[in-house]
Each structure stands twice: as C-alpha cells, then as structure tokens.
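The chains carry the letters A, B, C, D and E, assigned in the order they are written, with residues numbered from 1 in each.
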C-alpha cells in the first residue's frame, strides 16, 4: 500500500477542527415550527403506540433514561399539536432493557403481538440490537433503534433490513473518530495502553482504534490491555496495569458510572500526569455526571454523535431550542441518546407526513419505510441521513477536548477545538463486502494508505 | 434345640479390632454365628455390641482382623457386596424411608435385591411379582393393613417391624437386629418379638439380636453372647448364661449388691 | 394414646388415573394454538421448555434430595452446543441439535457429577454453583468462540428434515415449532415419569429419605446420585437446546447462577414434592416473569415478594396446595 | 410411701415425642429440696428425653413441669437455666473451641452469676480442674469433660442440677470420685436429678430412685426396694 | 518494583473490602447455619446509604465550600449502621421462621430477599450511580517511589485490617464473643446455660450485616454505589468463604487475601481467564477440602 503524508491524508478525509455547520435549504428539520399541511384522506384517531425499550434500571440507565426522555419530549410536542397527522396521539409504552436479552426478545414479541404496538424504538446496548433486530423483522414490526450501534446489526444480524432502522452513528465510527483525533493531536505517541469494557462495544472500539493506528501511526504499539467487566467500579488493578506499561497514551471506551469511577481513581493514581488520555464516550453519557476535577485537554468522545454545546446556538438554532426545551422539561442537559430519540421521533413523523401526502390516509408501514429510506433531515446534532441500502443513520462524526468553563458546573467540549469528520470518510461504502470483525474494519485495512513515520 | 448338633459356621470374625482414638470398642473379637441359629448379643452400654454389628455389616471399617462369611473373606467388601452375599441388618433408631409407603419400603429392598434398581426405564408399579412378594412380606410381619401408609406416619412399634421387614426382604442368610424392641411400649414388646422370631425361624435365617431386655433374650435366643468392654465375656445357651457368675456380676448385678 | 398422624403415601397413582388428567391436559395443549394468539402460543412454548428443565432439575431436588444451584450450566451447555453447531458445523437440523446437546451434557455432567455427588446439602449447592460459574465465565470471556456478552445467534432450525422457518418466523414458532416443543415435552415428561416410577426412581427417593438405610438395602448411593445428576443435567440441557431457536440467540446470562436461582424458584413455585409441580411451576413462572417485566420496572421486587410469600405460606407450592385443597374438598 | 421434703421440681404426666415417635408416656416424678434422685433405665428407655424435657430442650406435647411451684412448661431453656436449673448432658456439651475458663465464664458473662474465681466453692468439688483451665475444650479427656460439665452447670448457682449419665465411660475408681462429688454438691444444698443406666451406681448415691422403661415410670422408691424387686431388676438388668 | 508494591496494595484493598463482606457472611453462617444470598445486597445498601448521606451534606454545604473531611468521615459509617439496623429487622421477621426448615427454603427466602432489596435500592435512590467521591478526592495521593497511590485506599486497607483485628478481639477476647462462639458450637448447650439463643442470633446477624454495610460504606468514596453491585459482591464472597471455610473468620481473611491477589494477578497477567480462575480455585478447594482451608466439616 502506498505511503502518504499523515496530515495530507487527514485533510483528504475531511477531518477538521473548529468547523461549524451551515444550513442546507429545503430539508426537513425537527420541531413543531415546521408545520405540515393538512393531511390527506381519512386519518383514524386512535393512539399511535410506540414501544420504547431502554435501560430504566441497572448501570446503563444513565444512558437509557435520557433516551426515553428525548422521545417523551418529542411525543409531547407532537401530541400538543394534535398528534401524528394532527389526529393520532403518540402513546409510549416503557419496557426495561435491563431484564436481560432473553427477556427483551420475549418482551418485544409481547409488545408487538399482545400490545399491538405500531412502532418499536429505543435500545441502548449493542448486545441487544442484534438480538432484537431479527425478531423485529420476524414480527414485521416497524423499528428504529436509537442506539445499540454495533456494526454487527446490519453487517450480519439483519443484512437486508426491511422494518429495522437505526439512527445514531455506527459503532465503528466511535473508535475511528477517537483514533483520528489522536492521530491529529498526538501523532508521535508510541506506547499505547487500552482499557475497555469487556463486551462488544469495548472490543469494537479497540479493533477500530488499532486498525487506524496501524495505518496512521504505524510506530504505535499496544503495551497493555485491560478488560474490566461492564459495571465494574474498582479500576485500581486496570489503572495500575496501564501505568506499569509506561504508556504515552491511555485509550479507553469505559463509559457512564464506570467512567466516573475510573477517572476519579485514575486521578489519584496519577495516571493523567504520566500519560495522555483519550476516550470514546467520556462526555457523551451524562455530561453533568463529571466533575470539574476531570482532566482538561483529554480527547473526550461523545460516541461520535453529539454534545449539547455543539453545534453552537448562534450557528444552529435547532440545537439551541432543543437544549432549552429539554432542560426546561427535565432539568438536565441532553446527551446523545436524548437527541437521538428526539430526532428519531421527528424522522418518523416526517416520514408519515410525506407518505400521507403521497398516498393519502394513514400510510401503511411499507409507505413509511419507503419515505425513511434515503431520508435526510436536520436535527439538533446536524444532518442525519438514512442510507437506503442498510437502513443505518449517518451523521458527521464529532469529538473534542474536555474543558472547564464558568458557564457550566461540569466540563464540556472545548468549543474552539471540536473535531468533525464527514461520516462517509470513515465507513465502508455501500456494496463493500461484509467483513470481520466489521465491514468498515476490512475497508480501512484494504483501502487506506499507510502514513509515513 | 439345635445346640446338640453343631451346625456349619455361617459367619466368623477373627481378632476383629476397632478403635476410636485410644478406646477399643471392639477388642480382637472372635465371634461366630452358625447356620439357622437365633443368637442374642448382650452387654451393658458401651460393651461394643453395636460396633461389632457395624463392623460386620460394613457401616464401619475394621482396624484389624478378618470377617469370614460363608467361607469368604468379606473384610474389605463394600456394604453393597456384603448385602449381596447375604448379610442384612436393622437399626436401633429406626431407619426408614419416611416419605415412601410401607409397601414401597419393602418393595425397594426387593427391587434392590433383584438388581432392578439399576433399571431406569421400567415401571416399578408394573412389576407384579415384586409387589406380591412385598405384600407377602408385610403379611408375614402382620402389617398388610398399613401397606399404603407412609412410613413416616406409622407408630413406633410398626416402624420397628417395618425396619426388620425391609432387612428380611433382602433374603439374607444372616440378619442382624439391633434392639428390635427398643423404644416401643412394654405392651408391644412381646408381639413384635413373636412376629420376628416366627419369621426367622420358619425361613431358617440366622439371626443375631442385640438386646437389653433379658425377657426377650432368654425367651427367644438359642445362644447368648455376652460382651463387656469390647471383648466377649461369655458365650452359651440361655441356661448357661443365667448361671454364669461373671455375667451375673458384671451385667445383672450380684446378690451382694442386691442386699 | 398415640397422636401420630397417619398419612397415606402419595407416591402410587394408577396409570389410568394419571392418564385421567394427562390426556385432557394434552388435548388442551394441542388445541391451544387454534384458540389463542401467536404470542400466547410462543409464550407457552417457553413455558414448556422450562418445564423440561425444571423436570430435570427436580429429579435431583425432589427425588434425590440434592439442591443444585448450578443447573444454569447444563441449560447453557445445551444452548451453546446448538449455537456452536450452527457456527462451526453449519448444522440446521433440530434433531441433530438435540443429539448434540445430549452428548455435550452427558460429557459435562459426567465430569461435574463425579465431583458433586460426593457432597450433599449446602456443599453440594455451592459446588454446583461454583462449577456453573466456571462455565459462565468461559462463555463470557472467550468471546471469539462464544460471542461474549453478545452471545451467538441461532437461525430457525429444520424440523424432522421437513419444516423450515423460512418466511414467517413468528408463524413457524407459534405452530410447527410449538408442536415440536410439545412433542419433545411429552416425550420428556413420559421418560421422566417412567424414570421416577422405575425401581431406580424409587431408589433415589430412598436415598433422599435416608441415605444410610438406602445403603443397607444394597443401593450404591454415589453411583445412583451420579446417574441422577447425569439424567437431570441432560434434561435441562435438552431444554436449553430447545430454547435457543425459540429465543433466536444465546447469551452468557443463561449460564449465570441467578438463572439457576430461577430454575429453583419455578420448581418450588410449582411444588417439588410432586411430579407435575415443576412443570406447572415453570409455566406459571414464565407467565409471571414475562408479565412482571412487561408491566413494571420493579419486576424483581414483585418476583422476590412472590417467592418469600410462597416459601413462608405455601411451602408445598401450587400443586401441593391444590392437592391439599382438593383432598379437603373431597373429604367434606 | 416415704416422707419427702418439699418438692423443688415436679414433673406431671409428661408426654414427649422425637419426630413422629413417642418417647415419654405420661412420666411423672418429683425432686425434693436437697434430695438426690436417680432415674434409672437402659439405653433408649427415655432418661435423656426426660432430662431434656425438664430442661426445656424438647417440648412436651402434654403434661407440665413445675419448678419451685412455678409452671415452667412453656418457658424456653435459657429462662429455666436462669431460674436455677443446671444441666450437664451425657456428651458433656463442652464448647470445643473455648478454653476451659471460657466454658465457665459464659454464665457469668451472661450476668447470671458472678465471675468464677479460683477459690470459689464450685472448685472445691473438683479442685483438679485448676490445672487445666487454659486448655481448649477439644483437648480434654472424657473425665475432665465430665468435671467441666458439672462444674460449669454449678456456676449458675442452681437449685436443681440435672446430670445425664455423669459416670458413663469413667473408670470404676473415677466413678467413686464422682459419686463423692455429687454428695458434695448435695451438701451445698443443690437438689440433684441423675439419669443413670447402672443401678449399682444409682444405688450408691440416690436418696430415691425412679426406674423408667419404654418411656414409662415402672418403679419409684428407695434403692433397697428396687434391688429387691426382681421384676424391675430384670427389666433394667443393670 | 514500585509497581509490584502498587499491585500488592491493590490486592490488599480488594481483600479488605471482600473480607468485610465475606467475614459477615461467614459469621452469620457460623452462628446460625444460614447462607444468606441477600448478603451482597446489604453491602450495596450500606454503600448507597453512605453515598446518600455524604451527598446530602455536600449539597447542603454553602456554595463553593466543601464540608470538612472529618465531618464526612464521621458520617461515612452511616451505611454500616443502616445495614446493621436493616439486618436487625430482617432476622427476627423473615429468617427466624426458617431455622428449623430444610436448607432449600432458607436459600430461597434469601434469594427472594436478594431480588427485593435490589429493587428497593433502586426505588429509593433511582438508577443512577451514587458517589461520595468528595472524600476520595480530599485525601489526595501519596508517593511511593515513582508511583503515586490514592491516600484514601490506605484508609480502606486500614479499616479492613482494623476490622479483622477488632473482630478477632471481639470474638476471642470479649464476653459477647465467647457467648457467640459457644452458641455457634453448641446451640442447645448454650441455651441450657442461660443463653438467649434468639437474641444471640439477632446480634450475630446484625454484626454480619454491619460488616457488609461497612464494606459498602468504606468503598463508596473511591468507587460508587451502582445497581447490581450486590450480586457481584455476593458471588465473590462466596468464593472467599468457600476457599477459606464457611463459618470461619480466619478463613474469610485468608480467602479474601487469596481472591484479592489472584484477581489482581489475573487482571495484570492473564485477563482472558481472570474470572474463571477464581471459580476454579473455589471448585478445586471444594474438591480437595470441602470444608475450606479453615473449615471443619
């Protein structure tokens, strides 16, 4: 493979620091401000039932609760204007994802077959979408997963989706974005220690960071691996192991309550003095959960999706109003899950309206699916595009650096140093053969050049 | 009485020894049981009677010595093998399968004897001959009316009899009965012993009964072995034992102390 | 006067009387897919599968007197055997799955059994739990084989070489697969009924009631326990194999000791002193948990309260209580 | 009948079961103040069950137990102990991991007795105990365990002492030593009820005797009367 | 070299908390022969209460000012006290009826309790992790050669060690300890000597819960209280007591040290089988010495 100059290649990918969005004209965007015309045909007025399954309990509830709240906010807004197509109020049914994958399968079946839901939404765990995706297809249940972002879902579990969509960025984007941010920021790092949660998310992040490093920072080597179980709160051993390998850089995809415990312990072990630090999901989960003791200037991932301070309100009013409404309603700042569920609900609404305009009356699922496929929409986080071939939502990946400001009692992403990457630059294109561990992984491995050291 | 014609030896122990720490519960005992006899083992508490039976039946392992049963050395054999060879026993504190019916308790012994308990795929209930035999055994022990009751709910005397009936159903050549009437009321004592005695005598099973009750010992045994401090103190017919000075002083009490 | 209560032993029921309730029950189970919706049928299929598992478990608890807190391991071995057969051998035949699960479970239980049957009571429970956790941690950690927490997916199998689930999977699960499960369930129930009614089964009950005495009617206790352990594990493993296609995938969750706790729960719920108790308990528990999870996020609390109240006030479980009420009603 | 001192302990028509088996059949007996009474019978006759019933370790299904006129039938064992019933079981009930001293002090530390000091009168019974105070219960010989069990029961300053087979497993010389000890205890004003399977031993120390067989009291009277009663002696045979 | 010291300290840290939890579990088993499956949840309960109390105080503090470390430290044991009180309530109401019944019922009732307490915690404190990290932060770090180590962890280790010493002294040197040991060795005889066994049971159970709660309270500043921590802790303490011997405090101490060291070594050197090794150790000990290294069968 040809060798290239690292900087040139990053520029070629479109990796940019501090850029901002510009509004595209003519696209649908979220919010009731975009009033639709009068719906065509006869619209029934019984409620539109949405089953929302996410973590209401367990350690992952920090992600799950905001996801539900995002959808709840959107539903309340839509219901305030009369409902979908002005007639059908949205009714939300909660289901706890923490009951275990097997119980989740049962519960989805119950929701569809017994509760007769019209639409299934939610899901946080990347372990659960591959389990539930096929079930939703079997059930012919219109489904938009908000998260559960594993590549595996559309690579393998549901290779030809019909009823199943997913809106937040694909998991591989997380690791790649973090890795590119490292390449951009600390390209000379040699010794890299990893601490990842011991499940598919952590391994996915590890794989994709490694493959980008192999291409862009061939001098780097993995000097330590730590695999704490999800839900671990004692990281002493993992931190000690990482430090003892004398790394230049520690990379982690530990998240949520686990991350809070980890960074606080790492502070006391002096890990941040001894090595630079990069994370995939540090600020993404619950922005307010971190303290001002969190180290500044570390690469702080937000699941490559969204942070409530970006795009800035002056440039992108959609985000400003969303954050204001969310904060007013729930007295906390939204995370990427809240934004994802909120936008998802509006995508559904838009698809229903478009389908109604085309066919009249209440559109059947196939009509809604046809409208969703290829939909491009402006949400609080920017533009989201649903790729028609694999039903995966794409938005430009973002990551930044932690910074304490006077404005918030917790660290935020440094507004001056937001890194954005066009999503098409870091995912396998349509038609790329399915690969191991992911299609994107093999795509990078086969097509990216190696950087000159 | 069978004492006049010496019967062949069924069981023999040679210098059998069992120690618990320093204490010799059974101290180099040579003990014999002959074919077809009913023998009583007497002795005060701690004399070693039950330990001897535990050694012969296989509940305990001997520290030294040999156990010869029908000419074969069974000292190292498992309980299972000894039962197959024909040694069965009952227990002083009744040992039953409390949740099974009386009939089941007996039938189980028959199934086991016939090797059928190794069968997973045959219906126990369908095996008529076994149930007929089990019923017959209960009949012998005059318990057929209790056949369907769970063993745990039987009265003490009935439980004692059932315990013996289970051992009997194994068709042993030699049956050890550890205090078959202990714990039952005085009234029930004689009927129980009558029943047991008539069964073993009619089947010509050799029986060794551990017993405290001198009434029982003198009226039902052909031969009496008296033990004291782990050794055999005396061995003889009831009449001989009744007149044996050593037995009288150590076990029953001397005329002097009576005065 | 003696105040000992004499109770009639419940062990013997004539086959005719057993058929008296078994046949109507079977007819209902056969007819149900025509009456209730697909979801209910699938749910019942889950219940029947767990019924097989509980039936196997109860051979140890109810009949041999050994409380295993590690039966999730055998359920998991059955389930993972199927998943690995799909992954590495490309097998799709359900019959081969079942055979594979039986073979794997025999191997695992044979080894575990040798270790476990040396102990009884609490030590048996803890040892089975520790061993099951070994398997759990392997399934959890060796993700390149087992898929880690993501588990392994299992497509719909081919039944009897004829029926496949191509197309409408829900319809497949609610009809063909339901009847397949029902068929295996009936066979398993019959086999287990024969086993517990066999002289061997009686020997197990004897061991349960009185170990020493059982030895003195010539039963080799450890060997018998080992066989019971094996049979018990294989039944539970078979249930695991049947469960995978129903669920679509297997995850390490089903190997975790808390799942063993659920198996104990359902067995005691139905009543471990009777043959049908575990089956009833499994089916009821399946509904209980499914609807608890569906209707409240505090489903654990609900299940916990049910369990505590059950153990406090209805120790004989549903079947035992029903039998007692029935006997009292008849006595009037 | 012989004239009896005022009863300190009265057992009236007690029926006790172990599991499904009835062990005691309408057992009645009394123990007078300052008296030593033996309950004789062979193994399994019901002696231990009688003692356990009096101590409250086994519930009786019917009948009553009165201690110093107070009905204690429904009281738990520890309350009977605190009222003044001391107990030394057949197996001695020594706490194996506790030192001899700790075995003693347990009653004191429960606040029922003053801490036992070396010059306490309970040590006068078995002065040799002082030599093994630091040893653990596990490492005592049979005789030492018996001494400890009896002395420990005495630390409660009981009015009644229940001794279950106190001479069992002791060499004849030691038995004599223990019989003297029981006499000394009696001299302290403690009433003693002894379960004993050897009539000879019983005869050496009892003011009165009860013979029990198959859970029934078959004889009550003076030792001499018992030895003269061939019928009962045959049942007891020892 | 410094790293070895740090690893050793980590192992000790882990062992300290495990000893507190497993020691309580073992104590309860030793005295009343009950394996309390809900024990881990009492540890979680202690952690939550302590974090909650500390959180309340921090929230009440005037803007910008942090409450004094001493005051917070004094409040920290609240979790232990709460767990103990909870235990004192549980034993007579829910567990006492089961002493005379078969073991399976005891296990089941505590399994039910496990589920109940899990949800009660969530109902009381919600799904989010609760932290008392202000204490952990206030303590800062200490230098060990080139490495630094959280000072607070020394406190945890010290509390673990102190608890072991205190417990040893309590069990072997105090009057109550003698009564407790006597009751665990021979319950009948104890009652015949005037010991109110029911009261001893409540006290022992309360003490066991106090230890578990203390484990939770002491660890919550450096980690956080999360849902599900109870079940994880339970299974680890099971390994500890199985290795050390059910019912033995010395065993719990040794077992906790073994598990602490093995886990630390596992994470550092053989992460693939880190979990399995712990269970295999437990299984192996059960096979060779079913009563554990310090247990009596």
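Here, a contact is a pair of C-beta atoms (placed from the backbone, for glycine too) under 8 Å apart; a residue touches a chain by one contact, two chains touch by 3 or more.
Because the structure is a prediction, the values reported are computed rather than measured.
Q: Can you give the shortest number of steps from chain B to chain D, where adjacent chains in the path must touch?
A: Graph distance in the chain contact network comes out at 1.
Q: When contacts are scored as defined above, which chain pair ends up with more C-beta pairs, D-E or A-E?
A: Answer by contact count: A-E.
Q: At what distance in angstrom does the C-alpha mean of chain E lie from that of chain A?
A: It comes to 38 Å between the two C-alpha centres.
Q: Between chain B and chain C, what is the gap in Å from one C-alpha centre to the other?
A: 43
Q: How many angstrom between the C-alpha centroids of chain C and chain A?
A: 40
Q: Based only on mean CA positions, could you tell me how far chain C sits from chain D in angstrom?
A: 53
Q: Show the residues in chain D shared as contacts by 2 or more other chains, in ascending order.
A: 20, 22 - these are the residues of chain D that touch more than one other chain.
Q: Of all the residues in chain E, which ones touch at least 2 other chains?
A: If we look for residues of chain E contacting two or more partner chains, we find 122, 275.
Q: Could you check chain B for residues that touch two or more other chains and list them?
A: 98, 152-154
Q: Which residues of chain C touch chain E in their complex?
A: The touching residues are 61, 67, 69, 115, 118-119, 121-123, 125-127, 129-131, 133-134, 137-138, 140-142, 257-258, 261, 264-265, 268, 272, 298, 300-301, 303-308, 311-312, 315.
Q: Give every residue of chain A touching chain E within the complex, in rising order.
A: Spelled out, the residues of chain A in touch with chain E are 55-59, 61-62, 64-65, 225-227, 229, 231, 233-234, 236-238, 240-241, 243-244, 256-257, 260-261, 264-265, 267-270, 286, 289, 291, 293.
Q: Spell out the part of chain E that touches chain C in their complex, as residue ranges.
A: Spelled out, the residues of chain E in touch with chain C are 35, 37, 94, 97-98, 101, 103-105, 107-109, 111-116, 118-120, 122-123, 231, 235, 238-239, 242, 246, 272-276, 278-280, 282-283, 286-287, 290-291.
Q: Touching residues of chain C toward chain A in the complex: what are they?
A: Touching chain A: residues 37-40, 42-43, 46, 140-141, 143, 148-151, 153, 168-170, 247-249, 251, 253-254, 289-290, 293-294, 297, 299 of chain C.
Q: Could you pull out which chain D residues touch chain E in their complex?
A: 55-57, 76-78, 81-82, 87, 89, 93, 95-98, 102-103, 105-107, 109-110, 112, 152-153, 156
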